[in-house]
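Got a structure for you, written out below as structure tokens; questions coming shortly.
Note that the chains take the letters A, B and C in the order they are written out, and that residue 1 is the start of every chain.
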Amino acid sequence: MADISQAASAQMGDMRIIRRSRRADRFATVALAAIAGLVMLIVVSMVAYILYEGLSTLFTPGFLTQPSRSNGAAGGVAYQLFDSFYLLLITLIISVPVSLGAAVFLTEYAPDGPITSIASTAIETLSSLPSIVVGMFGFLVFSVNFGWKYSIISGAVALTMFNIPILVRVIQQALDDVPQHQRDACLAMGLTRWEATVHVLIPAAMPAIVTGVVLSAGRVFGEAAALLFTSGMSSPVRLNFLSLNFSSPTCAWNIFRPGESLAVHIYKIYGEGSPEAQHIVWGTAALLMICVLLFNVASRLAGKALAKRMTAE
Amino acid sequence: MAKHMPKRNLERVGQGVTGACVALVTLLVLALIVMVAQKGISTFVKDGVDAVGFFTGTDWSLANVDEATGLPQTGALPLIITSFAVTLLSTAIALPIAIGSAIFAVEIAPAFGKRVFQPMVELLVGIPSVVFGLIGFHVVVAACKAVFGTQTGMGILPGAIVLSVMILPTVTTLSMDALRAVPDGYRQGSLALGYTRWQTIWHVVLKSALPSLMTAVILGMTRAFGETLAVRMVIGGAEVMPASLLSPASTITTTLTTSMAIYADGSVQKDVLWSLGLLLMGMSLIFILIIHLIGKKGANARG
Amino acid sequence: MFDYSCSRRSFLGLAGSLAAVAGLGLAGCGGSDAPAAGSADAAATVTGEVTYDGASSFQALVEAAAEQFMNENPDCVISGSGNGSGAGLTAVSSGTVTIGNSDVFAETKLDADAAAKLVDHEVAVVGMGPIVSKNVTVDDLTLEQLKGIFGGTITNWSEVGGDDAEIVVVNRKEGSGTRATFEAAVFGDEKNTYKPAQPEQDKSGDVQTLMGSTDNAISYIDFSHFDDSKFTAIKVGGVEPESKNVLDNSFPIWATEHMYCAEDADDATKAFLDYMLSDDVQGSLVEEQGFIPVSEMLVTKDAEGKVSKK
């Protein structure tokens, strides 16, 4: 009798534990769902808020086509938009080949040894450095020591330092993902590792590389701290896009003229209180975000399109 | 043999070119580290600023030069404390949210997590820091002012809130990767023993993903520690010991942004600012070291 | 002491006249019969790039003048930003920009050697006055009271005749010429070591915004940034903050706006600086933008802050 009741109570205790853990399970599920919901709410409301505040300015005639006036508190952001893309272009022209070379060396050639580990630690260090430190270094070395002053090229080199670690990691990952048997097949056919890399591995990794490059472009596009002391906080008041005299300060393509990115422009005028300046700030923010969104979408589309073409061949 | 030679040359050229790229990047990093270190240390060696005073002093005023010694007030403790306060507080806010939502997206609703949640969070990575700062300046600061009734609403708390949203995507995506890397066998074994899903997550999945989760958190902290402009826009920029979470303060990075351009190269003040830069660099090196140690420990534990 | 300041002033004068001669020489070479560089119908158009950085207080003036100048000289580009007087002087001294705008004499921010290598151009005078939040009832403070407030000994508005509320002291960042001018006028030779735990703003525009959204606050700003919709400009010792009171120093807080260039500045920079001093700017633009032409001043201020009759 006593045995039975003991067993029963033990069973009931088990049941209670089970019930309690079930309840905990349900509670946890709800709580976790709520947290995930909160994160998504933050993302959506941030994007919506910026668009809500900025879209009307963005579509104001002249905002995208006029240069800014009154130290940014009036006019448009045409030159800032151009400078942002131009900075990005120069940055990619420098950083993509270097990163590609470095990533190929580290994945295909690198002997295991102190040199390789020093190099990869160096790249890792670069990726974790605060961008303001990169900006200070860029200011000292490029703007002052090299005498480039505040210029597009100083800014682009600073951005390159910021971009290289991201690109190297992406390209390394892409090359690592190419199946080993492709390498083996190439080498078996008597190709050198260099030929295998150029003709087989890089093309095979191309979709992932393109995706990574475009995604990193989005990050470069919004960077500001590294640019404050390198490309400067102002854009020439007048630019001539048709001029091919690359040393002329009015030539838009002159890399030794100062330039101001959209992100720096926001930092410069966020504190200006006039309603017009505030409209410009929000319009610029919306523009910046739409550009970043486009980079995001473009990277996925480009990667997909390339992958499709390759499998079709 | 003759046919072999160009091939071997080609190989050598390839190795040389790519090796040069690696060498270039490595040299650049070494140059940066050496230069920042040299500039930063010269404050104490050349200018004679007291190193202990730099780390423990509470008076920071570069404009206030002592007539007798010719040195400005360089007690960086308020800046250091504010930097750490902002970093730790933002991590504390972001951590539960990031890991919670990562668990949801990986363990509870994996399909939804992959198709909807992850792209959305990755979108947050791409939003420029000045845009975070702008929203912080207009929304978070105003909210702090209204809720806590302080005069300006600026300070460490709004800084930490803005930063927590900024590091959220970093920590979340890395946590998701960490959870996905846990072998499915662990989960099935635990469920087969009669554990509920939550018990499985808590006792098995999180435990085995712990080293990678810690790495995710530290990478988030690295970003928070080094973030500059977004913090500058909400923290108020007063270089004094923070009296509360809602009194204007200044971090190492924000002081660098506003003071860097003011002082001439070679002046004591500029050297002191480089020392702050060295401090930032040292901290990010320490963060990397911690990540390496965790990785090594994790590798040892896994055998 | 007297010898020292005298020799410096004569040096500056000499350097200034040298620059003027150089500017004229340039105009003479470039055009056939140009009267002066940069005047409206000059045949000689200037080409080149001019960059500036520095005081945010008179950046609007420089920018407006630059716009006019560029209309007349389409091949010349002038651009820059306003990161504060200290930043501007450092930048022109290190060569990252060609003109440094400053509210204060270069000697007060740079060491003597560096300052001696710069050529001064005094382009305007502007008054700077204390401003308070809209909800503050106080409308007049003496210099002594201002010293108490910004020095940290007066912390409540009731101590200066206002409501019982804590004073929020909003300063500009170190390196700001406006701050230097204000503190020089209020504290004199004494050093202000008080650092309130309150916001420090980067630019004049930032101060405008913050003053508009903060109650019980006090700050300082130049006359051209006065904005009645956001804050109230108050009297100092009973004197209204108006330009006419600055002329004879009866309103004591004011600064001469300096534009510094290197001794060996390029032609475009010199031409633009000459333009700033020409009637095209001094006659109209300066007053339009809320500044006072240097020529109208009845007094001058030297690098040590001593005011003397002209």
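The rule is short, and it goes like this: contacts are C-beta pairs under 8 Å (C-beta built on N, C-alpha and C of every residue); 3 or more make two chains touch, one makes a residue touch a chain.
Remember, predicted model here, so these are calculated numbers, not experimental data.
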>> If I average the CA coordinates per chain, which chain comes out farthest from subunit B?
In response: C
> Counting C-beta pairs in contact, which comes out ahead: A-C or A-B?
Replying inline: A-B
> What is the distance, in whole Å, between the centres of subunit A and subunit C, each centre taken as the mean of its C-alpha atoms?
Replying inline: 40
> Distance-wise, how many Å sit between the C-alpha centres of subunit A and subunit B, to the nearest whole number?
Replying inline: 16
>> Could you pull out the residues of subunit B that touch at least 2 other chains?
In response: 261, 265
> What are the residues of subunit A that contact at least two other chains?
Replying inline: 144
> subunit C: which residues touch two or more other chains?
Replying inline: 83, 94, 201-202, 210
>> List the residues on subunit C that touch subunit B in their complex, please.
In response: 53, 83-84, 86-87, 90-91, 93-94, 110-111, 114, 166, 168, 173-175, 191, 193, 195-202, 210, 214-217
>> Show me the residue ranges of subunit A that touch subunit B in the complex, using the header's touch definition.
In response: 21-22, 24-25, 28-29, 31-33, 35-36, 38-40, 42-44, 46-47, 49-50, 97-102, 104-106, 108-110, 118-119, 121-126, 128-134, 136-137, 139-141, 144, 161, 164, 168, 192-195, 197-198, 215, 218-219, 221-225, 228-229, 263-264, 266-267, 270, 281-282, 285, 288-289, 292-293, 295-296
>> List the residues on subunit B that touch subunit A in their complex, please.
In response: 7-8, 10-11, 13-15, 17-26, 28-33, 35-36, 39, 96-97, 100-101, 103-105, 108-109, 116-117, 120-131, 133-135, 137, 139, 165, 168, 172, 195-199, 201-202, 219, 222, 225-229, 233, 253, 256-257, 260-261, 265, 273-274, 277, 280-281, 284-285, 287-288
> What part of subunit B is in contact with subunit C in the complex they form?
Replying inline: 61-64, 151-152, 154, 236-243, 247-250, 258-259, 261-265, 267
> Which positions of subunit A touch subunit C when the two form their complex?
Replying inline: 69-71, 73, 143-144, 147, 149-150, 232-238, 248-250, 257-258, 268-269, 271-274, 277
